[in-house]
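The structure appears below as structure tokens.
Each chain gets a letter, A, B and C, in the order it is written, and its residues are counted from 1.
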Amino acid sequence: MYELFKNLGSWLVSGEQWSGSDGIGHRLAEHLQYSLLATLVAAAIALPLGLLIGHTGRGAFVAINLASFGRALPTVGLVVLVFLASGLSMWPVYVALVALAVPAIVTNTYAGMNAVDPDVRDAARGQGMRWYQVLFQVELPLALPLIMTGLRLALIQVVATATIAAYVSFGGLGRYVFDGLAQRDLVQVLGGAVLVAVVAVVLDLALSGLQRVLFRHRPA
Amino acid sequence: MNRRTLLGGLFAAASVPALAACSSGITSLDGEGNVGSGGGSSKNGITIGTANFTENQVLGYLYAAVLDAAGVKTNVRPNLGTREILIPALKGGDIDLLPEYQGALLHYIDPKSKATEEGEMQNALAMALPAGLQVLPYGMAEDSDAFAVTRETADKYGLSSLADLKKQNGRLVIGAAPEVKKREVGVVGLKDVYGVEFKEFKSLDSSGPLVKGALKKGDVDVANLFTTDTDIQANGWVVLTDPKNLVPGQHVVPLIADRKADSTVRKALAELGNVLTTADLTELNRQVDKDKKDPEDVANTYAEKKGLTKK
Amino acid sequence: MTTDWSWIGDHTDDLTTLTFSHLQAAFSAVFFGLLISLPLAVVAHRIRPLRGLLLGLSNVLFTIPSIAVFVLLLPVSGLTRTTTVIGLTIYTLVVLLRNTVEGLDSVPAKTKEAAKAMGTRPLRALLTVELPLALPVIMAGVRIATVMSISLVSVATYIGDGGLGQLFTDGFQRNFPTPVIVGVVLTLLLALVADALLVAVQYVLTPWTHRKQRAA
């Protein structure tokens, strides 16, 4: 174990390891691209859905149980299935990552909306606010903390799972994990895993920072 | 005490299925119902490990078929990974027997070995293998590594042999399983022997859907395939010749833990080795990959047809 | 994609074996996860500084790709079921530890004081008062951990295990969707059934929660 971590140190700092198409820089950029794009697409699908369900109260059962479904979905199977259907393309990666992220965002968005005090909502309506004003000026700001929790959870999971891109011939930090497995080069595997964890933690911190900035503008 | 019984109930309910699962799990912690991994002699059964490509599984099940017929209990573990993963597992006792390939195995054990002729390689292997492991006599069937290009690529760059690749140094992309990047019979040897340098190495799979798909699509120019893959012919791909013998002879050879290599096992596997031809193996691979038959069924049917399962 | 549904009928034995192997891995992981997280959670609940450390550590574990965990365990436990179970257990800890700590936190201080006033010894109070009251939250964690484990088992196919996950690698290598579809559907079904069973177990174990609701 000690040897492994010592070698990890030299793996991480060697200049050779950082340059070229298999270099850490390039793999990091690929990994970020897969993760951020997938989370953005997922948010574009899941946020409206969660807000709609939360606002109307219709489909609450789906929203609550979607998270469980998302957790149950075996990513490896989904990737292979889409691969067999689409051939060598990025589809398997993005479909699997989006499918992973959507449930977490929908469920948390719904939970946030559902936690809004009905009295507040009624009061807003009583003041003559239109439905979209209620949604965007009252419900959304109140639901924001939980919505952000959902986004952060989704992003962490997506970053960790984007490793799978390497299984279907693509890059990202998963390349080190899968190549390291095939070559039984555990330093490479550990390096890949550590980098993925660092990316996840850094992105999570960034989002929580963003959350804090957003809250500062919220009327008390 | 109502609550105490509740808590008792919690533990009972939570642990019963898990405990049941575990108690059956602990006896077979080294695999699902592995027979006798790590145990002495073949009488305790033999666990056959296989690599992550079709042919190796067919071979594993062929070994199982003939060994079962000889009265040796077997357990085949498909898809365990690459040689780099399998050989440590064999040393560690997780598995007992592996279908291997002479030249590739030799280069893994001793990258500097100059042996090329079958007999030489067999001797070199006997010398170089770590204590506790041995190879049994090699069989007739052979499956070599091939470096193939599409007809168009061959015409475009004037490629017919591995030596021709050097003229295109820095221009071509090679696709192969990740381990080939570090293997002598792979990127390392292509550079040492032929002076070939690629623009990029793409980590794909062992003559599987990724590398073949990438070659078809043009994502890679050169693909590392197996000579027993019928897709080479079906697609009219050009296998580059190997004038400097980079790729050694790759006869199928059983690699086994000493403790399991008794006379029953030797005899059964030798018989199989003397019957199974390269053409047979190619056809069995095709049945699995194209007709979607189970490797196990394909192997059993073949062994029966060839009279290998008769006493 | 060419599917061949007769494949299912021809492989019921294999599918049964793989399903049991799959469940064994998942349930063992949840069991060992509980075994480890219960005492750790009690410690984290009592000793505040440790709480942040333990929960933080388990959060970081969650960001490590599961395939890497399995591979990194190879020098320790080889190509075995043990590797699969250890790897999965690590992931269950993330959920179980958090929920157990939160469950213990949710026990009202007054209840604990009452138990103390009645002269209940600390260990006994923990076993007969705190843990039962924390049960709903703990069970929520057990449900999540179980569903997650059932889904994650298939990742171990990369180290030659993985229960139903073996159907994924098989289908992938042979360009054969049928086993993959069957594997995905069976995994989802197992997760669904296991989750429903745990809901039922929780219902039986915590009668006061629904009794209270009815009274209210």
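Keep this in mind: contacts are C-beta pairs under 8 Å (C-beta built on N, C-alpha and C of every residue); 3 or more make two chains touch, one makes a residue touch a chain.
Please read all numbers here as calculations on a predicted model, not as lab measurements.
Looking at subunit B and subunit C, the chains that touch each of them are A. Seen from the C-alpha centroid of subunit A, the farthest chain centroid is that of B. Of the two chain pairs examined here, A-C and A-B, it is A-C that is joined by more C-beta pairs in contact. Subunit A and subunit B have Cα centroids lying 37 Å from one another. Inter-chain spacing, taken between the CA centroids of subunit A and subunit C, is 21 Å. Those residues of subunit C in touch with two or more other chains are numbered 74, 157-159, 169, 172, 175-176. Residue positions of subunit A with contacts to 2 or more other chains are 83, 178, 181, 184.
The multi-chain contact residues of subunit B, meaning those touching 2 or more other chains, are 81, 85, 88, 209. By the touch criterion stated above, subunit A contacts subunit B in their complex at residues 21-22, 83, 87-88, 166, 168-169, 175, 178-179, 181-185.
Looking at the complex, you find that subunit A touches subunit C at residues 68-69, 71-78, 80-81, 83-85, 156, 159-161, 163-164, 174, 177-178, 180-181, 184, 186, 189-190, 192-193, 196-197, 200-201, 204. Note for the complex: subunit B touches subunit A at residues 81-82, 84-85, 88, 177-179, 181-182, 200-204, 209-210, 213-214, 217, 219.
Within the complex formed with subunit B, the residues of subunit C that make contact are 4, 7, 11, 17, 21, 23-24, 27-28, 30-32, 34, 74, 78-82, 85, 127-129, 131-132, 135, 142, 157-161, 166, 169-170, 172-176, 178, 201, 204-206. Within the complex formed with subunit A, the subunit C residues making contact are 1, 60, 62-69, 71-72, 74-75, 143-144, 147-148, 150-152, 154-155, 157-159, 164-165, 167-169, 171-172, 175-177, 180-181, 183-184, 187-188, 191-192, 195.
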